[in-house]
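Shared between the two complexes below is chain A, which has chain B as its partner in the first and chain C in the second.
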Partner chain A sequence: MKKKTGKFNLILGCILLGGIGLFALSGLLFMPYDPEGMDIANKLAAPSLAHPFGCDNFGRDIFSRVQSGLLTTLGIGISSVALGTVLGTLLGALMGYYAGLIDEGLMRIMDVLFAIPSILLALIFLSVFDSSMGNVILALGFSIVPSFAKMMRQEFRKQREMEYVKVAKLFGASDARILFVHILPNVMPTFINCILISFNNAVLAEAGMSYLGIGVQPPKASLGRMLSEAQGYLTSAPFYTIFPGIIMILMLFGFCLLSEKGSEKNA
Partner chain B sequence: MKKSTFLKGILLLMLLTLTVALCACAGDKEDKSSSSITIGIPQDIEDSLDPHEMLAAGTKELFFNVYEGLYKADVDGNLVPAVAGDVVISEDGCTYTFTLREGVKFHDGTLVTAADVEYSIAKCADIEGGSPNIAAFSNIVSVTATDDTHVEIVLAEADNDLLAMLASIEAAILPKNNATPDSVAIGTGPYKYVSRSPLENIKMEAFEEYWNGAPEIKNVTFKICSNADTIAMELNGGSIDMFCRLTTAQMAEINMEQFEILEGTMNLVQGMYLNNDFGPFQDVRVRQALCHAVNREEVLAFVSDGKGTVIGSSMIPAFGKYYMEDLNELYPYDTQKAKELLSEAGYADGLTFSITVPSNYQQHVDTAQVIAEQLKEVNVTAEIKLVDWDTWLSETYSNRNYEATVIGVDAPQLTATAFLDRFVSTAGDNFVNYSNPAYDENFANAMSTVEDEARTEYFKNCERLLAEDAANVYIQDLPEFVALSKKYTGYQFYPVYVLDVSTIKIAE
Partner chain C sequence: MEQSNVCEVRNLSFSYAKSGFGRKKAGQGSSISDISFSIKEGEILGLVGESGSGKSTLAKCIAGLLEPSQGTIEKQKVQMVFQDSYSALNPAKTVGWLLEESLRLSGVKDKEIRREKIRQMLDEVELEEEHLDRKPSALSGGQRQRVMIAMALLANPGLLIADEPVSALDVTVQKQILGLLKKLRKERKLAILFISHDLRTVYGLCDSCMVMKEGKIVEAGSKDELYCNPKTEYTRLLLQSAGIEWE
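Moving on, here comes the complex of A and B:
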């Protein structure tokens, strides 16, 4: 029974993410309108054949904006998770494998960072520096590091005591080889799970920050930015909120299902 | 069986939330006695409480209720005596003798004496230090309390605008014995300042001993609603009773059964203000090109549904005789012309700059977006940078650390000077770094001329220079929509940027 729902989740997650991915890719290849092109005649036009998702308060085609916003959001999500993953894995591996003083020192720093909510950390970062897209990626990337490092540390510490690591050591393999060629493949389930969860958090955080007015700057579209702009028209033009919202929900749901599947396997 | 417990659980949970929610509602209602009002304002006041030191128009408009000068602006743009009862002006126009109104009290209950007036005027004109808070006050030679009820102000040169200047909050009358005016607000206005919770609210209460009769609404809360997108919800939900300067989008969301929409103008010169010291903007051709490239009619159509008034210089139509309508036509929308000017200036390949906009003003954010889009036509890339209000005030306005910004500039006094004195090259609030000797000369001439017609002419020259130099991209005097709950009535628009609570009454 459990296995079946697991499989179902996996398939549904893949379908959802596949669909979203295709939608995003379609944005790279073709957008029906310029996502920033304004048109006074279509101010807040309701969905129609010409504009399937309707138009926003500047007469910009919401379909095209959702496409480009999705690309922005995914771009930010992927790059910040990549940054967080590389740094987090490196730190986690060092801490878990070497233990001792490095572990203690780094771990205390992580604890301090952990004590501050990651979105707050990103907010501080962005208010100190300019809120450009690059900085948003950096901020989100760094905010992922502590939790990532902590989870990876746990795994590396477990693996350190395993027979195969000891054997590799006897054979004279270098530390770097042991860490990343031998151990890393063995912690893949946690690793992938970490990435999926981080990605979910990064997408949500980006949306949250854009929603608060920092992060992606107008007129550039991102899903969070669109939701923030749309809420002023919640009753007069509900379609403006609904379409970016639905895409966002579907994407997050997809990732959720996948990571759930991953953790089941892990357990 | 299992299902029913689950259902019960859910029902219980719903009931619990509902009870909590309803309790909260009841609390809200109790708090609202019939003579209180909650007014939403777009930003917190990170400002001095000393009226002579206030920077932000948003602060000044609130403290119009707390402070008064010798004179006061009324709804029709006239000057009426406030703390002063009467004035006698000497033949040469240089000596003003004010008779104080009888029985005017400060909020701490003490009577206003001539010594307080002497202290206040001397303080804002800074006669000894030489750095008055309004440039025109440098003209004041002395201010003396001749007896308990008379104050004499002597000017170096006659100045027709003196009364208007004295009517502004920058010349408010403060008690002499208040050692810390920047943190303790004591004035003579219809409302007493009560408290401020940062980022939450500012509270005022009616001053029962106000010389013109205590106002009807006793408790006023100015609630800070910095999120422009939720204002309609706050109004409909009843957490605020009134909000000034709504956008047309916000208006469309408001429940018309509960609210009345009043329409006036904001008396602001909204524009894309350019830092004239920033590289490309040092070239007048670049600035003119931007003026040609912005289609102001379209901005109006997007931002305020076509309402609002296009303007061409730093002056608004409400200032009748100073307003020059012909300047609006100086830079017709012409992308070809703009491109030519840009290539003459050496920016044929395009130009990139950033527009800093305070994110709490939806009108300005929207305007910036439309402008950025229009500028693409002439190969100019404008990147929008949203900042919060405090950052805007300190970085953009005070430190002048920006390239361009979209903002509205107000007139604190009912005079042409109020709009024009900031563009004198040495003015402390010349945040656009505009500098033109001809302008300075015309302005100085205007200040030293007594005869009204010649003086107006000088002011007009100033306006023309601002327009011809394209000091800024002038856009519009924004329409002002005020939503007022139908529980209240009597809100009035002023030709200056104030929010007068004292005229509001409970609707019958």
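Moving on, here comes the complex of A and C:
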């Protein structure tokens, strides 16, 4: 019974993410309108055949803006998770494998970072530097590192005691080789799970930051940015909120289902 | 005929760092003190003793996994075969990868040469080519131990330390592995330090033998000397408990 739900979750998650991925891809190939092109005659026009998702307060086509906003959000998510994964795995591996001073020192720094909500850290970072796309990615990437490193540390700590690590040492494998060629494949389930959860957090955080007005700057579209702009028209033009919102929810839901599957396998 | 020593140990001591109150930390082995012996080319030396007598600590010191606190070890290249082949083989890798890794790490860069050497080694340890694509968990205990031996031999050691290599296997498989070790000794002139708590296996395999107790070697000598004419009380006790008559 439990196995069946797990498989169902996996399939549903894949379908959702596949659909979202295709939608994003379609944005790369074809957008019906310029997402930043204004057309005041169509201001807040309701969904129609010409504008399937309707138009926003500047008469911009919401369908095209959702497409381009999704691309922005995915782009930011993927690059910040890549950054966080590389740094987090590196730190986690070092901390877990070399116990002692390195571990203690780095762990205390992580604890301090953990105590401050990561979105707050990103906020501070972005208010000090300007909120260009690159800086948003940096801020989000770094905010992922502490939790990622902590999870990976635990796994590497466990693997370090295994006999096969001793064997690799005996054959003369370098520490880097032991860490990333011998141990890393053995912690894959946790590793993948970490990536999925981080991605979810990054997308949510990006939306939150855009909503607060410090993420992606107008007129560029991102899903969070659109939601923040749409809130003034919640009653007069609900479609403005609903379409970017639904896309976002489906995407996050998809990642949740996949990571749930991963943690089940882990247990 | 005088044969050269592949390993000479002089006055070797090792003690684990104690935690606060002088107790052993979890997972630590036993200390050893003032151990001297040598192994000749092509010799199989047995090392027996009860658990906690420091056999594995001595093995790890010789293999270079532990840094001795005192004494010297002169040795050729040493490789080791572990008791628990299940955890000693990386569960995420295939047998083929593991064997190749052994060659890669001993500096064999050419892929074709590696393939060739592995093929020869499979014959030598009596494994099939189909085993190469399997994960260690899909093999039997005896097959895994053969993989361990193959990995060790591919690194071309002068001395092979076998730390309780057959204790986890059932009797028929034990016999095969012991036969394999004997064959390797004969064909490669490989020296083997065979660690076991089972005096019967040691008798069947080794040329000479050492008895360890509480980190010290209490008796050493050729097999016949030791088994037929034990000098210390402790050795007699061991033989007695193994049900071996010495007179």
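The rule we apply is simple: the second predicted complex is superposed on the first by the 267 of 267 C-alpha atoms of A that agree within 3 Å, B and C clash if a C-alpha of one lies under 4 Å from a C-alpha of the other, contacts with A are read in each partner's own complex, and residues count from 1 in each chain.
One rule holds for everything that comes next: a residue touches a chain if its C-beta (ideal position, glycine included) is under 8 Å from a C-beta of that chain, and two chains touch if they have at least 3 such contacts.
Since the structure is predicted, the reported quantities are computational estimates derived from the model, not experimental observations.
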| item | value |
| --- | --- |
| Fit-or-clash call for chain B and chain C when the two complexes are aligned on chain A | fit |
| Touching partner for A:188 - first (chain B), second (chain C), both, neither | second |
| Partner chain in contact with A:135 - chain B first, chain C second, else both or neither | neither |
| Touched partner set for A:168, first chain B, second chain C, both or neither | second |
| Which superposed partner A:154 touches (first chain B, second chain C, both, neither) | neither |
| First (chain B), second (chain C), both or neither touched by A:9 | neither |
| Angle at chain A between chain B and chain C, C-alpha centres, nearest 10 degrees | 150 |
| Per-residue touch tally on chain A - higher for chain B or for chain C | B |
| Partner chain in contact with A:43 - chain B first, chain C second, else both or neither | first |
| After superposition on chain A, the shortest CA separation from chain B to chain C (Å) | 44 |
| Footprint of chain C on chain A - complex, ascending | 161-164, 166-173, 182, 185-186, 188 |
| Of all residues in chain B, those that touch chain A in their complex | 228-230, 232-233, 247, 249-250, 252-253, 298, 301-302, 359, 362, 365-366, 368-370, 372-373, 376, 383-386, 388 |
| Chain A residues touching chain B - in the complex, by the definition given at the top | 36-38, 40, 43, 57-58, 130-131, 213-214, 217-219, 228-229, 231-236 |
| Chain C - residues contacting chain A, complex | 27, 63-65, 79-80, 82, 84, 87-93, 101-102, 105-106, 151, 155 |
